[in-house]
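In what follows, chain A forms one complex with chain B and a second complex with chain C.
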Partner chain A sequence: MNETRFKNVKALPSTHLLGTGTPMCAGCGGLEALHEIYDILGEKSVFVNAAGCMTLLAIYPFTPFRGSWLYTAMASAPAGAQGIRDALDILLQKGQITPKDDMQVVTLTGDGAAYGMGMSATSGAMERNLDFLYICYDNEGYGNTGQQYSAATPHAAKTTTSCGPQGFFGFKKPLFDIWAAHRPAYVATVIGAEPLDLARKIEKAKELKGPRLIIALSPCPTGWDFDPREAIEIGKLAVKTGIWPLKEYVNGEVVHTKLPKKRLPVERYLEKQGRFAHLFTPQRNEELLTEIQERVDRYWAEMANP
Partner chain B sequence: MKRLLLTGNGAAAWGARLAQVDYIPAFPITPQTEIIEAIGQWIDNGEMAGRMVTLESEHSMITAAGAAAATGVRVFSATSSQGLLYGMEMLFTVAGWRAPFVLANVSRGLSAPITLEPDHNDILAARDSGFLQIHCSTCQEVLDSTIIAYKLGEDAGVRLPVIVNQDGFYLSFTREPVEVPDQEQVAKFLGQFDPENTRFRASTPESQAVAVLGGAPYSYFRYESHLAALNAIKVYDRIADEYEQLFGRRYDAVESYRCEDAEYLFVMLGSFATKAKAAVDQLREAGWRIGLLRPRLLRPFPEKLFQQTLTVTKGVAVIDQNISMGKGGVLYTELASVLAGSTEPAPLLVSFIGGLGGRDITPEEFYEMAEVTKKAVQEGQAPPPRLLYTETDLRETRKLQAIAQAERSELGGSE
Partner chain C sequence: MFRIRFHGRGGQGMKTASRILGTAFFIEGYEIQDAPRYGAERRGAPIFAYVRAALEPINERGVIQHPDLVIVADDTLVPAPAAGVLAGADEHTVLLINSHEEKEIWKERLNLQGPMLILPILEEVEDRAELPFIGATCAGAAARLVGVISRPSLEQAIHDELEHLGQAIVEKNLHKSLEAYDLMAEQSGSATPSPVRSAQVWENPGWIELPFEDACLSTPTIHAGATSEMLKTGLWRTMRPVIDYEHCNRCWWICSTFCPDGAIPVKEDGYPEIDYEHCKGCLICVAQCPPHAIAAIPEHKFQEDAPEGEES
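Showing the complex of A and B:
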């Protein structure tokens, strides 16, 4: 699909569909992305949620959604999507509902579920070619419980379970690659700070059938330790430094949708967040900073010459 | 109506087929697999409508089952043992959704040690999940109970999922003659599934299973489920009457076998109760006034029915095919609670544990349990719970250990 409704930022929806007054933190990058996604996706949708921050969006008897919602459990939201999608198909087939009562089935989970506990259920859903949209708001840690490291935590980040001078010993799991290896209809990375790129991807995903999976990097003021007003800037820096490549997998190919012309040094992104403060004070940890920069450089070099 | 030779697994599959289920999320596990194989073959042959999907785990399977029921279709699923436990989080969860469906469980002992043969620790682990439980002792009962379970779970005053339990091997793999009711008659009995407002439609959005903050709304919904489950006793009785009228087979919430004028009772669940019946017949011939009570409904627990029958007896041998480590038999404690709240003279309860991991309970053991119970009544004192295990059992186990030792020294390993 080459034609997009969204030629420029002025074409983006000017009002939000998702209600306000949720208990999400001020400056939540996940909620920002969800607002933007929901505006494009629309209210003919049912959100199937796994345990995480966004479980608190719908608290009895209120919901910010205009469509439907089902909370499942941490590990099995994609299986909940399977049950709903299959049931809707059965009802359509039997003529017990009309197509106007059909809807997009959307799985909404954090990185804890997407990168870890729910991975088996997601893999199963892709293998069964389930027609659903998966949105992972990725704040790179178990944020709802106070930011312990998860399989999505980047190398060297300080979390409440990785507080040593080297931060997190592990490396962020390549979820995009793992998902794409299943050859689903669509995989994309997005970030709320780049709303045009995000809107075009959701627009595209909405028109496709089959498994469509979106990872939204979600700057997290409480978990990453920054002032909420910096959320957008940090999101933009994640893209400009090349740390969060915006890309999509479609028709068997990976395409980068926003190439940072001149990548900024990763420091510019890291220095804004308390979780990386130990890389700069009391003295600079040149070794780790270089290691992080080199890893990003290597990614883009391999991307240019695959 | 036709008569077929069916295994318990076959009977469960027939129950689902006759209920004209729309959706079957599945996962194979011994000794349940034949259920989903039979349904799969019927769907592939065009003998049965419905959509079957194999999930990647029981946890996902039960999630999908609940989600489909919450969308408004009739759902059937089946599992056993480790599978039931793997899905345990979702048993509790989907029961809270109040979206009815039927889950067949084929009981099998739990790991460790891992085994394939039956006892009831799997199904009793699900006791507090919010699922209603119907326990079967014949293949006919498995088929009929599956149909009854839909009527019960879907009732407007209940709306809870139901597990229909049968014992692995003893029922699942044993062929018995089973009367298969006419499709039309079953369809008339069940009617179409009415999801009421528990459903997903774009034009009428619903939020289901949302979070609550605080104990007041949490308790509200938990109590609602409990009251609905209690209400299911009355509803079950009404359905059992209706089922008898239409199909000629009666299934009381508690089966009572030769309990008239009984001084002593056996109480037990499941297929081994048929062995207890044979023992009752023998003991009656020898002059005993003895009978058998077998709960079909375990959740909700038909307390009144037990009170009525138990309080007129002297002694009750409760035989548990399960073991709660550090306490004893689960059914025993359930029955004790029934008797504790009454000023009526209560019979003495004597606890026996046996039949674990498929171990047989022999006629001689039933006679012995009756004797032990009689003696306890005479002495006015129940003995500590008796773990059924004979010298032969011990010798068999010692033999295995001796072989292992001999092989090890033969092969030059350390002692």
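Showing the complex of A and C:
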């Protein structure tokens, strides 16, 4: 596809498909990304939801979706998607539905499933070239159970299971690279705070066939400890500081879709979140702050000179 | 057995209140149960926690159906049926509301048979989700109303439950809690225990035979889209965004897109409109509006100023 329908912000949808009244927290960055995605994706979609915060979206008899929704265990949402895709294909083959009635099969999971428990099932689905869209709302921890660390938790972040003075010892797993290494049809990172970039990517993914995977960084007021009203500002800072690069993998190439002209210091992003407060008070932890900044700098240096 | 329910919003510390009261009872030699209602404990959403205390073993389980004492930390929840503040309350139930308003006003408004008390709001805050030390305050009031908890036992319970938060926080909570304890001196013992119904008098419900149905019939299905809209999450809101249309310059995509809940649809004339039945009050729209045309006002002030009978 060459032409985007989303030339500027005025082309963004002004009415919204996803129903209100969900039990997601006020200011949820994951719900924000999902409602923006759903507007573009449309109601001809079936969601396969792994256990996580968004399990609570559809509690019988309530659902914010306009189509079907299936709940699976944490590690098996891509396997659930395979089943639904197969069922739709059989219905198509038998002529019981027309190609016009076909639906997008969408896997929806948090980072706990995407970066950890469900990775094997996702790898398998890509291996089988499953025609599905995977949306990961990444709030960098097991948010629904009180923010324990996950494989997506960034270095030094405080979670309920990494509460020492250094925060989380590990490093955020490079899921984009791991997914792209499978050479699927499409991989992209998005964030709700950049809705135009998000809309163009979903528009593109929608038109492709095969495995298409999206990671949406999801600022989480509850798990990251910030005032909900700051959610967008923090999301924008994630992009402007370069800690959350917006990019896509398509036709075997990685392209950055939004290059921060002058990258802001990464502290500007960190200092707004309670989970990094120990890096600033009672005194600044220069060593950790430098380490985090250097890691971001190295990423962009390698990006410029691969 | 004493049966006490604390009602508040996620973040106001109702679970802490139940723990403090439970521990205080325990120190006095009671058997106790204290638990928050498990569910979606979101910030601002109506929640409750409950305490049972008895001198004999407690066999009753689950949510308290017939409370002896109900304590409401945030009076904006009282008129909301979904909050279930008055569930199971009868002429025996003592109701204590943390409010600016007089007892008589509440009594008339609610048409209540049982005794009604007010815990006056001493310091008001803009955002009720951040009411300071309200959990310990409610626990202090409850401890006095049941009449069997001494001042030292309450102090001990607060130390036991809040010690991990540091001395300064313990001191502030102690001060607030004991202040409420002393304030309720005249009403000491007004909340009385009610009898335990023995298992022998329990009547089994009649046996209902359900025929075995095939999965395609017995699996729950929903035949309509977006039914979640029937859930009025506007109830969670403690701060209310209000659009000043004189300053709105109709760059609608910002507030409408950034609202995580999709609760700001755009009208045909290009102006955004906030859906107050579902707006959770995150205030992202207030923070992002370029001409600063959206203000945040405390929800409790809005409710106080609204004419009687008008909601949302």
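Definition applied: the second predicted complex is superposed on the first by the 306 of 306 C-alpha atoms of A that agree within 3 Å, B and C clash if a C-alpha of one lies under 4 Å from a C-alpha of the other, contacts with A are read in each partner's own complex, and residues count from 1 in each chain.
Operating definition for what follows: contacts are C-beta pairs under 8 Å (C-beta built on N, C-alpha and C of every residue); 3 or more make two chains touch, one makes a residue touch a chain.
Computed from a prediction, not measured in an experiment: that's the story for all the values here.
Colleague: Touching A:301 in the superposition: chain B (first), chain C (second), both, neither?
Modeller: neither
Colleague: Which partner does A:84 reach: the first (chain B), the second (chain C), both, or neither?
Modeller: first
Colleague: When the two structures are overlaid on chain A, which partner does A:72 contact: first (chain B), second (chain C), both, or neither?
Modeller: So A:72 only meets chain B here.
Colleague: Looking at A:63 after the superposition, I want to know if it touches chain B, chain C, both of them or none. Which is it: first, second, both, neither?
Modeller: Once the two structures are laid over each other on A, A:63 reaches both partners.
Colleague: Could you say whether A:255 touches chain B, chain C, both of them, or neither, answering first, second, both or neither?
Modeller: Once the two structures are laid over each other on A, A:255 reaches no partner at all.
Colleague: Which partner does A:43 reach: the first (chain B), the second (chain C), both, or neither?
Modeller: both
Colleague: Name the contact category of A:124: first (chain B only), second (chain C only), both, or neither.
Modeller: After superposing on A, A:124 lies in contact with chain B but is clear of chain C.
Colleague: Would you check which partner chain A:163 touches, where first means chain B only, second means chain C only, and both and neither mean what they say?
Modeller: Neither partner.
Colleague: In the superposed view, which residues of chain A touch chain B and also chain C?
Modeller: Touching chain B and chain C on chain A: residues 43, 56, 58, 60-61, 63, 65-67.
Colleague: Help me check something: in the complex, which residues belonging to chain C touch chain A?
Modeller: 40, 42-45, 220, 222, 225-233, 236-237, 252-254, 256-263, 265-266, 275, 277-278, 280-284, 286-288
Colleague: In their complex, what parts of chain B are in touch with chain A?
Modeller: Against chain A, chain B makes touches at 22-23, 25, 51, 53, 55-57, 59-61, 63-73, 89-90, 93, 200-203, 205-213, 217.
Colleague: Over in the complex, which chain A residues touch chain B? Could you list them?
Modeller: 43-44, 46, 48, 55-56, 58-61, 63, 65-73, 75-76, 78-84, 86-91, 94, 96-97, 100-103, 120-121, 123-124, 127-128
Colleague: Quick check on the complex: what are the chain A residues that touch chain C?
Modeller: My answer: residues 9-10, 12-29, 31-32, 35-36, 43, 56-58, 60-67, 192-193, 195, 221-222, 228-233.
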